[in-house]
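There are two complexes below, and they share subunit A, which is joined by subunit B in the first and by subunit C in the second.
Right, the complex of A and B next:
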């Protein structure tokens, strides 16, 4: 029984982890049809913000929950104004330009902070005991945060005026601009929010994974696969794809080890895309958000 | 007429390459020659991407997956059987087979190009994290330890059928260079065959090609597989040049530089990406020797600048420029001839009138 609970928590954490690292990417992709290849570097910048802030005496919770999203959100807005906005509608060029941006960030951070980090921060919560097994309290915290984050994004999209306008722009940009909405501003805000969510995720994961200038590459493959398997709907897509892929990964990894687990994740995603080329929400739950 | 003129260009390029092959060991330092063998491997990778992306219209961000698989397949096979000839064939075969399987899912699932880019990139990145995890002694194929982060040793080339006679670095350079030239001529020939022209048609307009009863899935799968086989061949020469193969062949930055070579050299040409490989490799190598500017930083800026300002790439831009100048010249001379004829006609008619 203890084993089952412990394993279930482990798989749940895997799912939450996938959802957490993909949500920002999904917001930007679902809203703007821009695949941000610098997504991993946004996560990395969130992590750096937390580490530098805590090393300078800021409370770790404030650093993770306030500073990281704020800093990366501002960076996102700057990037959108300087680079992305020239490339709307040229999807392949946005891919290439954000890839250039990704290299640029890696190079910048390496030049400023060096290729490795001397100081790391430890997860702030202790362990939880389940019978004979222990589980990290911080991982439980991350599961809760992920659920709250999904709820918050849902509430923003469904209940606020900004969410309404943003959804309208997402469905038909020309029509909403004809109704007096500044689509350019909506895109800027969306990109900033996506970056902020990504920064938050990067900050929250920093105590677990540690940080390096190249840490983005660790997340980016999984984040892309999750978002693409999920399809256009931001929340339903991310959630269903995370559950499916995270579940497969967790179960296979438990049975055979982490290496085969990742292969299983990839194979599942490729077969899924053979069956549903437009992602899960392209076929199922089409009306969802 | 047009065809033969195009092919003459190919042959001229091939002869320039041949001349470089003969002259280079006389002029350049020994160390540079050894480095060049690696760069030639990378140039074959760039050529394969130029074929798949520039002519097939398939945006394959993870071309390095096949490149790396080729390198690993060569290293493992050569370590096990002790000769390099079979190992090279094995490398090409593994890369092509992997691409055929992956391509089946992608093209027959009708995955659109942006998704395709991300899927191929993800495959390369997953291979990266997989090979990095293979550090224990239990991860071996035959006699070859995969070696995780440190990678595995790649045996040098040897004469076909005679595993004892190992080629010197200079000979490896000759072989690599000739393979590059042959691969280039092969690609130039391929894009002018019926198959190649259908691929270009599909690149231009998928729906129209399909309405003309071409099975676009099959053609795309074909050119994708051929490109992957070439990339695998490139991987062989790269790992022979380095004499090791590490998981870094699958890394994000390796995938990025391959894309950058093609962007800078120009989509739709074959020689552009090859030249860009040599030029940019020279640039990053000289950047690597100083600490002020990080190589990633510079490559990132190069990529952004090219996407925003020179989206066609260097070689097509030069060709366009030359075309515009030639058209102007032709227009000018035609105008001059017309004027001449008019004045002559004028004087003749004047003579009749008298």
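Right, the complex of A and C next:
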């Protein structure tokens, strides 16, 4: 029984982890049809912000929850203004441009901070004991944060004027433009918000992962698969795809081993996209956000 | 004489065709060509960058002291960017294009196996200066790094005596991890222990939660890790976050050679035990001077030193010593000099080529991690590569160029 509860929490964390690393990508993809291949590097920059800030004496919570999204959000706005806005509607070109951007970020961070940077932080919040099993308190905190983040994005899209205009732009950019909405500004804000969410995710993962300039590469594939499996709806897509893929991965990895666990995740995604080429929300939950 | 167009073209093209050979010979006459192929970007740069720095340092030192045989060493460094394809491309370039006198190259076993045949075919002397799973038997290839019989064979009994006999093995899912895991299983059984489980991880896994639960379920006395690369650093952090480092300690055959001990905090890493043929903390005058020179060279940006970086430096010196003894850079003369028992007293102590295997007899140090640095607990001097000696005898048959453990230890006739 202890094992079941403890394992369930672990799988829940695996799901939250997937949702956390994918949400920023989903926002940018869902709103703007731009696939940001520098997404992994945005996560890396969030992590680096936390490592560098804490090495310079900044409180870890401020570094993770304030600085990481702020720094990466600003970088996102700059990137959108300088690069992305010239390429809207040209998906292949944006793929290529953002891939180049990812190489640029890796090169910049390596030349500024070196191939690896020493850190002093460890996960706060101690250990939760369930019978004979222990779980990380920090991982439980990440589950809560992920849920709150999803709720916040939902509220922003559903309840604010910005959200209304953004959804309008998403559905029909030309019509929104005709009604006096500055779609260019909406795109800039959306890209910045997506980047900020990604920076927050990278910052939150910093205490429990290794932070290196090249670490983005290990996240981009999983985030990409999650977003494509989820389909166009930002929230419902990310959430359902994370539950499905994270759940399969966690259970299979526990029963067999990590290699088969990874294989199971990919096989599930392939079968899913064969049956639902437009992702989960292209077939089910079509009216959802 | 009026030059006809046709004659002009003929003589000009003859000169053009001949010139590379002329230039090639002219250059070979002044500098000795030393090519280094090591990853300095993408995932493996945490290993490769310090190795390149120490290689440059060794070559600069030799040149400042008057070069070799009165000639300077001409160092050329290629960055294969953690891509096997670029390794094969640069290896061909080094052998056929640069006509290198020696090539020091490769970090992962996969990269070594991709380029080793190229150097055999082009007859270019090849050094591999990285700790690995053992088993290369190649007259043209000198493997100076430590192998499991030198390190793991010490690490397993030491940690089992300290912590207990049930060992949970986790390893990276490619040839190094697979074969090293088999060595660990063998040494655990040889010492009367029980390898309760062995798990392999693709190099991009970052969520180790399910495995940590399995370790809690299996309740071993210790965990032996042969994890590799940046993504796998997450394991040590998540293990500590679940409070496990307090109850089930970790030993590792890889932790620290990518300076991982700086990437996790002191409380996450304290108590881990590792064995390598070099630690920055090795206490001798040669090493202290080496570490100081390295820091003076690179200033505040100097990375921590580990076996890979130290051995890249020592490997260059061993080769230089053999060239001096041979009095020539000719490949067979240098190989014979190397196999006559050439040694170098470097930062790690004496490193001496063992002629049956072309590997190295070397000191091995066992150390515990404390506050992001290693405290040396035991020193084992002049350890032979007994694993490779089981399957390889180049004295009896020099015409070999194989990797004996390609299909695992059982296929090589070793019981695990």
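Annotations for the structure displayed:
Convention: the second predicted complex is superposed on the first by the 288 of 289 C-alpha atoms of A that agree within 3 Å, B and C clash if a C-alpha of one lies under 4 Å from a C-alpha of the other, contacts with A are read in each partner's own complex, and residues count from 1 in each chain.
Operating definition for what follows: a residue touches a chain if its C-beta (ideal position, glycine included) is under 8 Å from a C-beta of that chain, and two chains touch if they have at least 3 such contacts.
Note that the structure is predicted; figures quoted are calculated from it, not measured.
Because the two structures share subunit A, they can be overlaid on it, and in that overlay subunit B clashes with subunit C. Residue contacts after overlaying the shared chain place A:217 against subunit B and subunit C alike. In the superposition on chain A, contact of A:100 is made with subunit B only, not with subunit C. Within the superposed three-chain model, A:139 lies in touch with subunit C and out of touch with subunit B [touch as defined at top].
Of the two partner chains placed by the overlay, neither subunit B nor subunit C lies in contact with A:42. Legend: residue contacts after superposition of the two complexes on their common chain; A:259 is shown touching both subunit B and subunit C. When the shared chain is aligned, subunit C comes close enough to touch A:250, but subunit B does not. Of the two partner chains placed around the shared chain by superposition, neither subunit B nor subunit C is touched by A:187.
Superposing on chain A, the segment of subunit B with clashing C-alpha atoms against subunit C, chosen from 45-53, 99-107, 135-143 or 207-215, turns out to be 135-143. Shared contact residues of subunit A with subunit B and subunit C: 106-107, 110, 214, 217-218, 221, 258-259, 262.
Residue ranges of subunit C in contact with subunit A, taken from their complex: 41-43, 45-46, 49, 173, 199-202, 204-214, 216-217, 230-234, 237-238, 240-244, 258-260, 262-268, 301, 303, 372. Subunit B meets subunit A in the complex at residues 59, 61, 102, 105-106, 108-115, 117-119, 121-123, 125-126, 128-130, 133-134, 251-253, 256, 259, 263, 293-304, 307-308, 311.
The touching residues of subunit A, when paired with subunit B in their complex, are 35, 40, 83, 86-87, 91-93, 95-97, 99-108, 110-111, 214, 216-218, 220-221, 224-225, 228, 258-259, 262-263, 265-266, 269-271, 273-275, 277. Listed in rising order, the residues of subunit A touching subunit C in the complex are 3, 6-7, 10-11, 13-14, 17, 106-107, 110, 114-123, 126-127, 129, 132-139, 207-215, 217-219, 221, 249-250, 253-254, 257-259, 261-262.
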